[in-house]
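Next come two complexes built around subunit A: one with subunit B, the other with subunit C.
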Partner chain A sequence: MKIRKEFSALLLLLSLILALLPLTANRSFTAKPGKLLPEILKEDVAVTVDQVAELIVREDNTFQLIDLRSTEEFRKQSIPGAVNIPYPEFIKKDPETWLGNKNIRTIFYTTEDTDSDYALVYARGLGYDNSYVMEGGITEWIATVMETKFTGERITARENALFETRRRAGEMFTELNSLPDSLKTKFLESKKFSAKKLDGGCE
Partner chain B sequence: MKFLRHYWLVLSITLLAVILVMIRTYSHNFRYDAVRWAEPSAAGSNIITEDQIPAMSSDILLITLGNEAPAIELLQDKILKLNPESILEKTNLSLIRKNKGPVILFADDNSVSARVWMVLSEMGIKNIFILQDVHKNVLP
Partner chain C sequence: MTPLSSYFAFPEWLNMLTALLIGTGFGFALEQAGFSSSRKLAGMFYGYDATVLKVFFTAAIVALIGSQFLGYLGLLNLNQVYVNEFYVTASIIGGVIMGAGFIMGGFCPGTGLCAMSIGKIDAMVFVAGGFAGAFLFTESFPMIEGLANAHYRGPVKINESLGLSPGLFTLLMVTAAVTMFWIAELAEKKFARPEITNDL
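== the complex of A and B ==
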C-alpha cells in the first residue's frame, strides 16, 4: 500500500513538472504567428528619419531611441538621446528593462542593416507593441538630415518647417558628436533643462 | 492488468499532462526560449551570400518574397515565389517544414526577409537562411 502511494505521488509530481516545464523556461513569443506577421509587415511600424528629427527637436519624452550598433560605433557617432544596446545584448537580456514602459514608444535603429528589423519582430513578438524601426538607420539620417540643402528659388511653409527641423536636429547631432563621451550625457540633460526654462510659465 | 487497474487514475493524469505539453510544444505557434531561436541573427550565421550556395546540400528551397529573384543558375528550378503575408499559409508552411535541405529567403528589401526570418525561426524552423548581396532577375 505504501509503495503504491509513493508511486502515485511520484507520477503526479512528474505530471506537474511536465505541465509547468515550458512556463519556467526562458521567455517566448506571446503573439500568434498569424497575427504577428501581418503586423510587422505593415508600413506603420517604420518611422522616417524626419519624424525622428522632429521628435528630437521637440524634445518629446514619449519616445526612446535604441541604437543597436556596437558600442564602438555608437561612441563614434550617435543620434541625440539614443541609448546604446548592442543587438546581441538586446536579445539576451530581459527586454522589460528597456521596453517595460508601455507609454513610451521605442524606435530601433542601426547602420542600415537588418538588426533593427530583428529587434522589431523580437520586441513585438514578446508583446511590446510600442516598438518601431527608423527606416534606413543612421545612414539615412546622415543622408537626409545632415546633408539637407535647399536649392530651389521659392520655399513653401511646409518645406521651410521641414528644412528648419532638419537643420536644428543636425546641429544637435553635430554638437553631441563633437563632445567627449563623458560630456554627452550632460549635454542632453542641459538641453532638457534649457527647454524647461524656455517653456516658462508659473509654478 | 493488475498494475493498470491500480494506477489507472494516476496514469491517466500523467498521460493527459504529457499530451498537453506535447501540444503546446509542437503546435504551430512559437517555440519556447525566444533567445535561442534568435541567436543566429545576433551571430550573423543566418546570412548567406551567393558564394556559399554551391557548398550547400542539393535540397535547397529558395523562397522569393517579391518580384525579384537572385540570378543564380543553380537555384533556378528551386524557386518558390510567395507574398510575405502568405508564407504562414498551411501549404507553404508545410513545404518549408518538409524540405530536407536549407530554406533560403530572398527579398528585394532586406528588411522583409529579416522580419520573415525571425518569425519562422521563432516557430522552430531550423536551417533557414537569408540570401543577401546577389545579382537579381525580375520574375514574370
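== the complex of A and C ==
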C-alpha cells in the first residue's frame, strides 16, 4: 500500500513539473480553413523585396530570412543573412526550432512563390503569427533589386533613398555570392556587413 | 514498430521481431497480473476488483508523462506521433458495443488472446466472437458508412480543444487518475469478495 502512495505522489510531482514547463513543441494544425485562408490572403503577410532589402541594409535584427530552396540552389545564390532550410526539411521537423521566438519575424522565400506560400500556411496554421513571405521570391529580388535602373529626368528624395537601398542590398548580394563556397560559409556565419566598406573609401 | 525503427531504418524482419518481443512481453505481463481471468475484468464492473482500471490508467499516465518529458528534452518529436481521428457518433456507438462485449465476455481483446493461449474455452469463444464481429462490420460497412463517418472532427487533442497547455492537462489527468484510484480502492473494500482466482 505504501509503495502505491509513493508512486502516486511521484506521478503527481512529475506532472506538476510538466505543468510548469513551457511545453510548446507539440502543436497541432488546428486552424480552420475559413479563418486561415483570409488571413494568408491579407496583404500584410506579404513583404516586398524592397522591404527585405531595407531590413538587410539596416541590419535589422528583429527578422530572419528563411530560404526554403534546396541546399545546392542556396549555395549558388542566396540573399545575405538568409538561413537555408529546404522545404521538405522544414515541414518534417519541429517548426518551433525556427519560429519559436515570437519577437522575431520570419520571412520565407523560394525561387518564386509556391513553397513559401505553403510554408506560410503551415506556420500560420500552427499559430506562428510572426511568419511572412517575400513576394515573388528570389526571382523578384533579382528583377527588382539587382536589375534596378532609374529611367527618369528628376529623382525625388524618396526614390533616391529607395534606389540607394537597392544598390547597397544589391552590392551585398553580389559580394556574398561571388565568394568561393568556403568563404561564403564564413561570411554567412559572421552575418555582419560593414556599411563603411560597402559605401566606398571616402571616409 | 517503435521509434527506433525509423531512426535506424530497421529491415522488415527486425521490425517483425521487435513486434514479437513487445507482444510477448505484453502478453506475459497480462498473464502474470492475472488478467487472463475474466473475473478480473468483471470485477471492474461490479466494483470488487479495480486492478484493470489501476493498471491501464497507470500505464496511460506514465506514458503521458514520459512522452511529454521526452518531447521537452527533444528526444521525441510529438508532432510525428499519430493522433487517432475522432468520429463522434462512431466513438459513442463503438464504445457502447465494446463495453457490452467486455462485461459479457469478461475479456478485452488483449486479455482474450492471452486467456486463449493458456487454453481457456470461454476465451476461444470470445476471440471467435470478435472475429465474427469484425467480419460482419467489414461486410456491412457500405450500409453503415454514413453512420461511421458522421460528425468527423479530425485528429483533435483534448488539451487543444479545451485550450489547455499539454503540461496543465497532464497534471489534471494525473490528479483525476489518482483520485479515481483512491475511490476504486474504497470500492474494493466495500464490495470485497473472497479471492478465488488461484483456486480455479
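Everything below uses one rule, namely that the second predicted complex is superposed on the first by the 157 of 203 C-alpha atoms of A that agree within 3 Å, B and C clash if a C-alpha of one lies under 4 Å from a C-alpha of the other, contacts with A are read in each partner's own complex, and residues count from 1 in each chain.
One rule holds for everything that comes next: a residue touches a chain if its C-beta (ideal position, glycine included) is under 8 Å from a C-beta of that chain, and two chains touch if they have at least 3 such contacts.
What you are looking at is a predicted structure, and each value in this text was computed from that prediction instead of being measured.
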Query raised in the report: Touching A:D94 in the superposition: subunit B (first), subunit C (second), both, neither?
Result: second
Query raised in the report: Is A:P38 contacted by the first partner subunit B, the second partner subunit C, both or neither?
Result: first
Query raised in the report: Can A:V52 be said to touch subunit B (first), subunit C (second), both, or neither?
Result: neither
Query - Contacts of A:L120 with subunit B and subunit C, given as first, second, both or neither - result: first
**Report entry** Greater subunit A contact set [subunit C / subunit B]
**Finding:** B
Query raised in the report: So which positions on subunit A get touched by both subunit B and subunit C?
Result: 4, 7-8, 11-12, 14-16, 18-19, 21, 25-28
Query raised in the report: What part of subunit A is in contact with subunit C in the complex they form?
Result: 4, 7-8, 11-12, 14-16, 18-21, 23, 25-28, 30, 93-94
Requested in this report: In the complex, go through subunit B and note every residue touching subunit A.
Outcome: 6-7, 10-11, 13-14, 16-18, 20-21, 24-25, 28-36, 38-39, 41-43, 84-85, 87-88, 110-119, 122-123, 130
Query raised in the report: Which bits of subunit C are touching subunit A when the two form their complex?
Result: 58, 61-62, 65, 68-69, 71-72, 77-79, 81, 83, 155-157, 160, 165-168, 170-171, 173-175, 177-178, 181
Query raised in the report: For subunit A, which residues count as touching subunit B in their complex?
Result: 4, 7-8, 11-12, 14-16, 18-19, 21-22, 25-29, 31-34, 36-38, 40-41, 87-88, 91-92, 113-115, 117-118, 120-122, 125-126, 133
